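As written, the chain order gives the labels A, B, C, D, E and F, with residue 1 at the start of each chain.
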Amino acid sequence: QVKVQIAVANAQELLQRMTDKCFRKCIGKPGGSLDNSEQKCIAMCMDRYMDAWNTVSRAYNSRLQRERANM
Amino acid sequence: QVKVQIAVANAQELLQRMTDKCFRKCIGKPGGSLDNSEQKCIAMCMDRYMDAWNTVSRAYNSRLQRERANM
Amino acid sequence: QVKVQIAVANAQELLQRMTDKCFRKCIGKPGGSLDNSEQKCIAMCMDRYMDAWNTVSRAYNSRLQRERANM
Amino acid sequence: MAELGEADEAELQRLVAAEQQKAQFTAQVHHFMELCWDKCVEKPGNRLDSRTENCLSSCVDRFIDTTLAITGRFAQIVQKGGQ
Amino acid sequence: MAELGEADEAELQRLVAAEQQKAQFTAQVHHFMELCWDKCVEKPGNRLDSRTENCLSSCVDRFIDTTLAITGRFAQIVQKGGQ
Amino acid sequence: MAELGEADEAELQRLVAAEQQKAQFTAQVHHFMELCWDKCVEKPGNRLDSRTENCLSSCVDRFIDTTLAITGRFAQIVQKGGQ
């Protein structure tokens, strides 16, 4: 159960940061509702954010392994 | 007394954030003293920050109530 | 030993903030390695950051003393 | 200090919960201000004009819309991945 | 560990208070650096020229002026509101 | 709850250490995202193109290079100062 709690906390942290970044990227001047292009932008931003997260994790992980190999 | 402590902590947090925002908005290149226009800008910035705080609180509150009504 | 721990924690905090600031200042679009001009920029940025830290500390300290003298 | 009776304890818990909810509300308003102040207020003037007021209210609503959209889509992705 | 005598305890409290004050000073300097570094330092050069040095010192003083102005005005508003 | 035997305790410590390491890794990835997302991703498109992917990977590596450069230089300065 502790593991589930950690996973939930991690997901919340990720969602919060993603929401902040995508709100800043996709919403210029906030209007009366999310228009179509804003909705599309948010969906794409979210998918790209998770792609980028994976790319960054892989890059960090492989760097850690190279550093360890050099020690 | 606990309530007073909470109120003081809230006021301090508000003052700190307001000071940061108004310093960034009103002071371009910092000079030898706060000149007249900077002083006026700070006073107005502070009043507008509190107005904005109230507007945002009301908007958030009414959204919370609409969401609850929809559940 | 507590003092050493505090000193280490302070140095780490300083190094982290300095690294963030100098990375933002010196690395535009990250390339395949740190090129020569980026390396020089980082070294200078680091020295200037510590100079600036000392200037800011002195200014803050002398202001604190002036404020105390006025009380 | 005297021991708390059961009724007092329930009352105390209710008070603590109410304070926590208020603190959460306040923290959220600080967060909105962080995002919406720079988006909506350019030069602070003599009063908050109606355009700025509308921008601030819309900023709150659009941010919540964004949160709901992202959370909903994320839940879908997690569910599909779990099958 | 031996028990602390009263004198030692007072000494310990003094030390803790001094460390707290230093930590507060350091935290405040970090905060000034956050605000003033980007305002005053453009491209880091071979030394901190006097214009940048003056900008940094003034930045600290103007920020403290701003804090005092806002805190004072806020106290006035609270007092008026409390009447 | 039954008392933990020595073997269980060692196992528990190993698990806690592993979770801490994972949490540190995740926190570091959040930090990279904070720095690299704005540097590398302009308008989010239908997929992460290879230029953006390279930028993100290089961003991580260059940031670590910067950290090592600064930490090494700082250690040198401290040692010289300590002589």
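We adopt the following convention: a residue touches a chain if its C-beta (ideal position, glycine included) is under 8 Å from a C-beta of that chain, and two chains touch if they have at least 3 such contacts.
Just so it is clear, the structure is predicted and the values come from calculations on it, not from any experiment.
Touching chain D and chain F at once are the following chains: A. Put simply, the chain farthest from chain B by mean CA position is F.
The greatest centre-to-centre gap from chain C, using C-alpha centroids, is found for D.
Centre to centre, using the average C-alpha position, chain B and chain E are separated by 20 Å. Between chain C and chain D, the centres computed from C-alpha atoms are 34 Å apart.
Chain A and chain B have Cα centroids separated by 29 Å. Centroids of chain C and chain E (each the mean of its C-alpha atoms) stand 15 Å apart. Multi-chain contact residues of chain D (touching two or more other chains) are listed as 36, 40, 59, 61. Residue positions of chain C touching 2 or more other chains: 22, 26. Remark: ring traversal beginning at chain A, heading first to chain F, gives the chain order A, F, C, E, B, D.
Chain C meets chain F in the complex at residues 11, 15, 18-20, 22-24, 26-27, 29-34, 38-39, 42-43, 46. Against chain E, in their complex, chain C makes its touches with residues 6, 10, 13-14, 17, 21-22, 25-26, 41, 44-45, 47-49, 51-53, 55-61, 63.
Every residue of chain F that touches chain C in the complex is listed here, in rising order: 35-36, 39-40, 55, 58-59, 61-63, 65-67, 69-71, 73-74, 78.
By the touch criterion given at the top, residues 19, 23, 25-26, 28-30, 32-34, 36-37, 40-41, 43-48, 52-53, 56-57, 59-61, 64 of chain D touch chain B in their complex.
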